[in-house]
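Following this line, the structures themselves.
Okay, so chain A shows up in both of these, paired with chain B first and chain C after.
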Partner chain A sequence: MTLDVPYLDLLGSALGVLLTLLVFSYLLGDHFLVRLVFYGYIGLMAGFAVVIAFNSVLYPLLLQPLIDDPLAGWMQVAVPLLLSGLLCFKVSTRLSRIGNLSLAFLVGVSLAALIGGAIQGTLMPQLSAVISPFDLERSSVAAADRFSGLIEGFLILFGTVATLAYFHFGARPRFSGSARRLEWIEALSWVGQIFIAIALGLIFAGLLRAGFVALVERVQVLLNFVITLQQGF
Partner chain B sequence: MKPAFLRSPFSTLITLLTGLIVLLGYFLDFEPLREWRFRFLQWAILLAAVALFLGVFNLLRVHWGRLSESPSKAVYSLTFLGGFVSAVLMAGWLGIQHSLTRAVVDYVILPIEASLFVIILVTLLYALTRLLQHRLSVFSFVFLVTVLLSLIASIPLLGIEIPLLHGRDSLFSIALRILGTAGVRGLLIGVALGSVVTGIRVLFGLERPHGD
Partner chain C sequence: MEAQRCPMCGRVNPPGLEVCQYCQARLKPLWVEPPQDSSPSIEVGSTRARTPSASNEPLLPDWLLESRLDLGGESSPRMSEQDDSEQPLSEEASADEERFGGLFSDELGETEEDVPEWLRSLRDESESDQGVTATAAIEEGSEPIPFWLDFEEGKAEESPSEAPPSEKVLPFHEMPFEGLDLEDESLLSEITAEAKPISAEEPQTVPPFETLEPFLLEEQPSFPPQEQGVPPQPSASTLQERASLSPEAAEDWMSEIPSWLDALPGQDWEEGETAAPETPPEFLEGIVPPFVETEEELSDIEFPAWLGQIESTLEPQLESLMDTLTPAETETLLQEESLGEISQEQPAQSLAQEEIPVEVVGPLHGLRGILPAEPLVAEQKKPSKALSELLVTDKQRAQAELFLKLIEEEGKPKPMPSPKRARPHILWRMLIFFALFAGAILGFVQPQFATPPQELSVGVFDAMQAVNQLPAQASVLLVVDIEGQDFAEMQATTAAMLDQMMIKGAFFVLVSANQSGALQADRLLREVSRLSGHQYQPSSGWVNLGYLPGGVAGMQAFSQSLTEVLPFTIDGEVAWQNDRLRNIRTLSDFDLVVVITEDSTRARQWVEQLKGHVLESRLLFAVSAQVEPLIRSYYEANPRQIQSVLAGIRDGAIYETQTARPGWAMKLWGAYTLVVLTAIALILVGSVFYAVLALLNRPQAQGEGKER
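The block that comes next holds the complex of A and B.
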């Protein structure tokens, strides 16, 4: 017997609906079936991650050079192969120290990428965006709107500084032995907390919106499935 | 207690040297440095992939051990191993673009992920009500008002547009743009500064969060 494509589609939809209901049932409490779903899901994701890592990293960087030109390939992959081999010792509790060399290399490169990324990708663009409203000569805003742009720039600059003041934890010891921030930093950080509350509120609202979209999509799938069943496929 | 860099000076030296070469490669326009940065980054990506394999191997080892050691949890581990083997066979043998692999993504993975996102939504709403009940201060009040107004301002309610609330040029939208931008910008700059300082401390061996 061969199955028709619409039947396969319906079978897949039924599976999707069943999984959706099982995951939703987690809201009523943890139970055997929902745990099975989670374990199976983690297994699937781990399997996909391994295949994708092999196909897009290990094969092209480690095996392809050896297949293309074995002699030159060995020269090219010798160091990463050695580092990878050393890292494998991390699995053993007794010999894990041998893998420290590879880990040190990985940490060094990752940290440098993190620092470089933070400076080039966040600090520079954000600082430049704070400054740009005050650069009237290069401003692309029409002359009539420059004043309001300048006010907006001042308010954003003030808010940014106030937000940063909240993270200033430098304190001076007092005669009583307690330590407290300077009064003006304390006041500025209080204002900064208002800006942080607004920023976090906006992020939270964005998350809620995305969650509502997912909820509507799931409910729509459930309704479509019921309608399809009612119409007799 | 010895400083972190004295406990394993060789590892600290390797971290420092590789880190400095990559970091200088970002900021100096010097061809050999840029070439080494590219090579080091490629090796690090390879090592990260190997680390992923080791992590999954460890996970498989734990679940394999549970099959015989803990009969009550064996069924969960069996489901995990079944999911893993079927994913490797499907994606590795048939390919990521094969219709069966795509069907598993569409009918199994996507419904679970979307449903989990709905669970997160419920958790967030519950947290919001808890905040309202137990920790009401000026800041939590501002947070709540921002969340509510931002949600109401997203779409016109029953097709009715409120003049100060809806629309791109409304007072609310301008106020949120200025106040929100300032807050998010401050947070981003703070996070970036924190990352740079922590990164430099680990790079120079003053802290070793990854152990000895």
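The block that comes next holds the complex of A and C.
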């Protein structure tokens, strides 16, 4: 028995509609069907991750070399396999220290890449971007717009400093035992809060917009399903 | 030898020590009874006094040693006489023992330790008293007795039980019963119950002089005032000796002052000299009458006039009353008067004397009041049973009951107050949902309500320029790091750009740094190809390299040598042997690199790791609207780190509008616009509503704050 493609698409669409309605039913509160959908999604993603890890990592990088050329394959995978095997000792609380070597290797490499990338890719370019508006000779902005660029540069610099001042937690102790930041840092941090609030407002607005797009897309799926049903029957 | 316990502090000392190593109290008495004298039980009428020898009491004065030696020589006839007097009593006692089963017998095996302390002191005192009275009884027929002693004897014979020993002797001293409530009736009844057998037994054997104190049997010597503080109490033997002496000899004995007493200070007064009578100070003369001792002195006193008037009125009445009495009644009244005077003096005097203990051992044997604390402290060996019982007052009992009640209440489980959970505002949820849902439906049904975006943003312009500059059959690397829930937005954002690339015949290489990204990338290209009418298929239109493991490290490794990190496609085929990819060895070989993500962290990591490996002019970012504020700083920096940024459905709709190819973004744009407007309206209405509500509740809140 075979099903035609339109029926399969309709069945898939019906399943999608059903799951969508179940998710929408969360408006009435948490219940079994909603949890069933959530847990099903989490389980599906976990199973999919295992399959992806095997297909994308284990098989091509570990098994395939051994199958193709065992001698050369062993030479290739010996060190990664040893380090991976040491990680298995992390399961045991008594022998977990053996796996620290592999874990240290992973953390060290990851941190090195992260810090190096952050310094070269974010910190230094952003510092340069903040300073560059004040370099009038090397500025790419036209001469007519240099004044506005200079003002923009001041604004960016002030916003950056004010935002960083908000995260300055150094304070001097007082006779009363309390600690309070310096007055000018306190005032600067108050201005920094405004910049942070604007940035977080933008992020929240973007989150809402993304959510609205998802809602609109689900509504379109429901409408298409209804239209398909109307057209089909 | 056994360890010995200190009678003072109660601590155990090693054997052989004579002094306690903790409190320096003497552990062994100075004089120990001979073994043959300790065995006999206490007999009624006999004394436990021992006659010390001169060898073991070298400190005794000569006159005391002589008197005791003399008494020792007369002890045997005294004891024989005493035995004769006790013979009929022993028969009666044996009959009583048979009747009471030997309950009150001393031969029940009652040891010295079983006897309570107060009973032992009672027996000691009664023994000493009986010894004194026995010596007085011996001399009863031979010596003349003073008139007051005669009266006392007759009184004792007439009513021997008027002053029983149990009433005279107070068994409660200070130290053994310290802390006891002597007013407790139960305790007193218990003590009197223990004392009853003695009081019931002793009246049969009390001699006529038992109730008399030793000091009554001696004449008061005229000691100087400074010696009266420590009066030497004569022992029984001394009293016996004095009683046997004639009045002249007694005077000689009294006038004979021992040598040790002669050496005391203040002895230089003349013999026969008496102490001067006490005279009031000069300032009290005329205010306080002098002490009157004789009737002659009384007649010299001048009484006030009002007292004389009373006397003058009472005397005739008394004389008339005396005339009416008969001689017999007058004699009776005189006797009663004399008896009343003696009985009034006796209790206080006897009580004061009975409270003073008599020494029974050592050089001070027979003396009273020399070491008053010794029998109370040194002889305490066995605490009374009453001491082990907890004495609780009513107040303490009430407090203890209250404390126990509090403990019980604390131990009872108390129901936990159910936390107040915020009720889900289902009504508000449903209202907001249906408003947004209605806006979306209306947007789909009536798309003309939303006008398409016309203005061209800088980011879209740069993106269009970069796509337009792509050569034909260009190779494009698509980094797709999106999750399923954001697929619609990312599709709307990138659909127009991908459509333009497909028009140019670009070949796509797909890679993803998250596990579901590979499938989402494949789905994205399929959907764009389907909606835009292209015939793009895998391997001919794109190669999916799949999942890039390792996070940041994987990105860095991929940026440095992509062919070694990801040699195979997601289908297991060799990726870099495709004809379209033969010239690709590094990232810089791609004509364009597009990063599509909805994660700000992942976007920043890709920017950081791709820097230096991809030209900025060939790097595009298509991100979600929520990532735009963070990624835009890389785009608007000077110099730029990325060529362009497409953010959200708006930039996608602009791209489609500019290219005049409405696609996925424009399909959703109408509904999206109405939903956003509805959301803005709801936010405004909700803000105004809660602001008004807060203003209305402000006076009430201020009132509650003032009350607090």
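Simple rule for what comes next: the second predicted complex is superposed on the first by the 224 of 233 C-alpha atoms of A that agree within 3 Å, B and C clash if a C-alpha of one lies under 4 Å from a C-alpha of the other, contacts with A are read in each partner's own complex, and residues count from 1 in each chain.
Rule of thumb we're sticking to: contacts are C-beta pairs under 8 Å (C-beta built on N, C-alpha and C of every residue); 3 or more make two chains touch, one makes a residue touch a chain.
Please read these numbers as outputs of a predicted model, since none were measured by experiment.
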Note to self: I'd like to know which partner A:Leu223 touches here: chain B for first, chain C for second, both or neither.
What the structure shows: second
Notebook entry, point to check: Among the partners chain B and chain C, which is in contact with a greater number of residues of chain A?
Noted result: B
Next item on the list: Give one of first, second, both or neither to describe whether A:Met75 is in contact with chain B, with chain C, with both, or with none.
Entry: neither
Notebook entry, point to check: So, does A:Ala214 touch the first partner chain B, the second partner chain C, both, or neither?
Noted result: both
Notebook entry, point to check: Now for A:Leu28: first (chain B), second (chain C), both, or neither, which partner does it touch?
Noted result: second
Next item on the list: Identify the partner contact of A:Leu95: answer first if only chain B is touched, second if only chain C is, both if each is, neither if none is.
Entry: neither
Check: Touching A:Val109 in the superposition: chain B (first), chain C (second), both, neither?
Finding: both
Next item on the list: For A:Ala129, decide between first (touching chain B), second (touching chain C), both and neither.
Entry: both
Margin query: Contact-wise, after the overlay, does A:Leu63 reach chain B, chain C, both or neither (first, second, both, neither)?
Written below: neither
Next item on the list: Enumerate the residues of chain A that count as touching chain B in its complex and touching chain C in the other.
Entry: 24, 27, 45, 48-49, 52-53, 55, 57, 109-110, 113-114, 118, 120, 122, 126, 129, 199, 202-203, 205, 207-210, 212, 214-215, 217
Next item on the list: Could you please specify the touching residues of chain B with respect to chain A in the complex?
Entry: 8, 10-12, 14-23, 26-27, 40-54, 56-59, 75-77, 79-88, 90-92, 96, 103-104, 106-112, 114-122, 124-125, 128, 138-140, 142-147, 150-151, 154, 176, 178-196, 199-200, 202-203, 210, 212
Notebook entry, point to check: Across the complex, what residues on chain A touch chain C?
Noted result: 24, 27-29, 45, 48-49, 52-53, 55-57, 59-60, 64, 109-110, 113-114, 117-118, 120-122, 125-126, 128-129, 132-133, 139-140, 199, 202-203, 205-210, 212-217, 219-220, 223
Item checked: Of chain C, residues touching chain A in the complex -> 424, 426, 429-430, 433, 436-437, 440-441, 443-444, 485-486, 488-489, 492, 515-516, 518-519, 546-547, 549-553, 555-556, 567-568, 570, 572, 598, 604-605, 607-612, 624-630, 633-634, 636-639, 641, 647-649, 667-668, 671-672, 675-676, 679
Checklist line | chain A residues within the chain B interface of the complex | finding: 8, 12-13, 15-17, 19-20, 23-24, 26-27, 35-37, 39-55, 57-58, 61-62, 79-80, 83-84, 87-88, 90-91, 100-116, 118-120, 122-123, 126-127, 129-130, 152, 155-164, 166-167, 192-205, 207-212, 214-215, 217-218, 221
